[in-house]
Amino acid sequence: MHEVFYKQENPYMPERARIVRKYDLTEDVRFFQVRVCDQEKVFTLTSTYSPGQFMMISLPFVGEAPFSITSTPSRPGLFEFCIRKVGRLTSRLFELEENDFIWLRGPFGNGFPVENMMGKDLLFVAGGLGAAPLRSLLLYALDNRDLFGKLFYLHGARTPRDMLFREEFFQLKQRRDFQCYLTVDEDPEENWPFDKGVVTSLFKYVKVNPKNTAAVVCGPPVMYKYVVQEFMKLGIPDANIYMTLERKMKCGMGKCGQCVVGHKYVCVDGPVFTLWDVKNIKGLI
Amino acid sequence: MRLFKIKKQNLIPFLRGLEGFGELWGPVKKGNNFVYVRAKPEDFDLTALRTIIPAKKFFLPSKFTSLKFRDNRWEDNYRPRKRVIFGLHPCEIHALNIYHKFYTRLYPDPYYLRSKAATLVVGLSCIPDEHCFCYATGTSTVNEGFDLFLTDLGDRFLVWVGSPRGEDSLKLVEKFLEEATQEDISRYVSWRKKRDASFKLKVDLDGMPEIVSFSYDSPIWEKMGNACLSCGTCTMVCPTCTCFDLEDEYDLKRDEMKRDRFWYSCVFREYSMVAGGHNFREARSERLKLWYTHKLVGFMSEYGSPACTGCGRCEVSCPVGINVISVVRALRNERSTALWVKMEVENA
Amino acid sequence: MAKPKIGIYGLTGCAGDQLNILNCEDELLKIFDIFEIKSFVMASSATDEESSLDVAFVEGSVSTEKDLEDLKEIRKKAKILVAIGHCAVYGGVQAMFMDREWEKMYRKVYGKKNAVTLTKPLPPKPIASYVKVDAVLPGCPIEKEPFLKLAGLLAKGVIPRHPDFPVCAECKWKENECLLLKGEICLGPLTNSGCGAICPSLNVSCIGCWGPIEKENWEAEAFLLKERGFSTEDIVKRFSIFGGQERAEKLKKYLESKEG
């Protein structure tokens, strides 16, 4: 460990990208399609990541924050993000127009172990903004449909207006090669054609081979406990139950420490963890 | 093994000679403490044990501009100055080795690597005081991580060369070097015996990783949390604490944006707080627990050794006495006179 | 892009914050260049109070009815309102006494209840007690560097957020000896950062002029000072300079319970 002269690029240096398209998914969540400006990097960056990874989006003067990638590497060219307006950075992002610049670093994080999931039945449970990383995995599985067994996608939202990608899922429901169930907690306008109630009420439709199933949950923290109980009732092993976690991240590379839990840096050892990790590492959820 | 010696009276010209590599920095007295500053070699205090801020400041300064943004382009202008840092004791060098492992894994940190390449580390032997416990952390001697290491044998210094760059740097001071003889070695052996016998602070770190892990739900964290001021001093003075934060600012005079990087602390309230206000570690006890779990367990699983090098800085710096010694004692159900223990007793 | 229009106003206070803005000698021309200054009475009597503002900086506490009227006017015409200085952010030294005690104090100074006729006095309060505040810059007085940082971000249309960690961090970055450990009443652990630890760098202990951090652990600090042998009176005095009466009363109760 003596002389260290790495000729390396600075991984803190953001990459310029352009907003090519944006539209509102709900009242406070907006969909952004983004293209990296450097033509030489576009294809590599957008085709080699894993579903479940995230990127650091940054705006000069405001700072940087992590966002899950909601697009799939099986459709390269663009990155897609769902962004909820909650803080200073996201408020500024909402002021931007198409063709404006944003800056990216990444992709970071472990992502879902897609190779381990191949040949297995898949069971996805999404709640609220949790649909963002799960959409990436879902589209990946649909684009590579023959690599996976049965495919169940359960999605809960507070009201029909709060459901991310509502129209996209309405269309996907038509497909015969996978089961998509949607539910809402409340239906104030009384025109919701599908299930009502919490997302766990959709488990009655699920028919998978539990010993050969990868189950994935992503949503608000309160949801995990109940969904995981359902997974366990089905008899899915701890190591095949995956969840993606939210933490404060400033660097994305296991350095700044702000996402650390026990000895795990959520930004590099996560954000995808198994149920065994969660039981073993206190404080993860 | 490359070993030389120099006469004691030649130390100052020896250090002056090394200045050919870069600026000379070393420990100088500040009040009742010490700080590493750029100074003349005759001003260095050879009795200095622990400086207020450890040598990590040479590798990533407490605050620096990591990136600039001008005309829609990001620039990285971080260029550390070349430095010789003198007077680093084994605990300090062990900490730098941990720093090195940490900053070169996965995504090597370019700022660290540049500083590392610009710094010549000249170690110095020491005799422990009542706060040193490096024998308990296994860091009282050092085999790598320095360029040169000097052992004080009274009228002479043994000069141990630890790196090819150290070997190169000796060309600057060749005229002071003498071959080390068998007599010097036996002197060193008796010095070692004397040094090893002079540790006063007794603490047993054996079994700490699992004891800390098993004590996750122990009430002592809550007690500690009641006394913790969340001032962050422990993390700033800890030679192996690495956490930082990034913040953008606009320099209106120069019309450029700067992304500043500065030391941050896991005991600060906003450390685990995400946009929207949710805080994953709202309680002070949770944040302290993280600190000790990370130091005594986390590094163990990751790198095979705890992230404590026994330098004693937290011991002399925490105003309410929360430090590795008092926490380890509390976890082992041993008596402790730490202020936080007293506060708990009196408030109960 | 049109220059952002700003106004700099003072309510009840020493005007030290406005003075420190004027003291940004090297950068002052740049500030005048970047912003269109509509009102800054301390610098120029030519003001334009009709125009709407992008940013209003307000120093001083609300201590009179006139203050309150002015503040409401400023709020109405400003898109972004920034409280600058301890008085505006926390109420200042004058907020040392709460309503009840304040009346007593008023009588002691002015005699009769209605002795002051120019404008009716009110118990001093921070401006956020009356209007929405978008950003704050504490300090008594504010510091040049943090002010320029704040102004810079505002010029770029970003609403700055003051960090929330104690000044001890900055003090350690400066490699100072800890004054608490040296046996002084230093309020560093309870006090927000931003000043760059000027006082402790000059061996003067912190009196808390940048205001308290969120969820400060004053019990532990008080216990520590008591252990170091300071009297309840000394501790309470130090805490109440910038801490207000409510905190001082809690503290006194706590310390007296230790004595008893």
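Each chain carries a letter (A, B and C) given by its place in the written order, and its residues are counted from 1.
In this section, contacts are C-beta pairs under 8 Å (C-beta built on N, C-alpha and C of every residue); 3 or more make two chains touch, one makes a residue touch a chain.
Keep in mind that what you see is a predicted model, and the values were worked out from it rather than measured.
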| item | value |
| --- | --- |
| Chain at maximum distance from subunit A, centres defined as averaged CA atoms | C |
| Pair sharing more residue contacts (C-beta pairs) when A-C is set against B-C | B-C |
| Between subunit A and subunit B, centroid-to-centroid distance (C-alpha), Å | 39 |
| Inter-chain centre distance, subunit A versus subunit C - centres from mean C-alpha coordinates, in Å | 43 |
| Computed distance of Cα centres, subunit C from subunit B, in Å | 36 |
| Of all residues in subunit C, the ones touching two or more other chains | 153, 156 |
| In subunit B, residues with contacts to at least two other chains | 247-250, 257, 264 |
| Residues of subunit A whose C-beta touches two or more other chains | 61-62, 88 |
| Interfacial residue positions of subunit C with respect to subunit B in the complex | 26-27, 30-31, 34, 148-149, 151-153, 155-156, 163-166, 168-169, 172-173, 175-178, 180-182, 188-190, 213-215, 217, 219-221, 223-224, 227, 258 |
| Contact footprint of subunit C on subunit A as seen in their complex | 61-62, 88, 92 |
| In the complex, subunit B residues that touch subunit C | 30-33, 35, 51-53, 62-63, 226-233, 236-237, 247-253, 257, 262-265, 268-270, 284, 316-317, 319-320, 339, 342-343, 346-347 |
| For the subunit A and subunit B complex, residues of the former touching the latter | 1-6, 8, 10-14, 16, 60-65, 86-90, 101, 103, 246-248, 250-251, 253-258, 260-263, 268, 282-283 |
| Residue ranges of subunit B in contact with subunit A within the complex | 66-67, 69, 72, 74, 76, 97, 100, 102-110, 113, 116-117, 144-145, 163-165, 216, 242-250, 257, 259, 264, 266, 271-276, 280, 286, 290, 293-294, 297-302 |
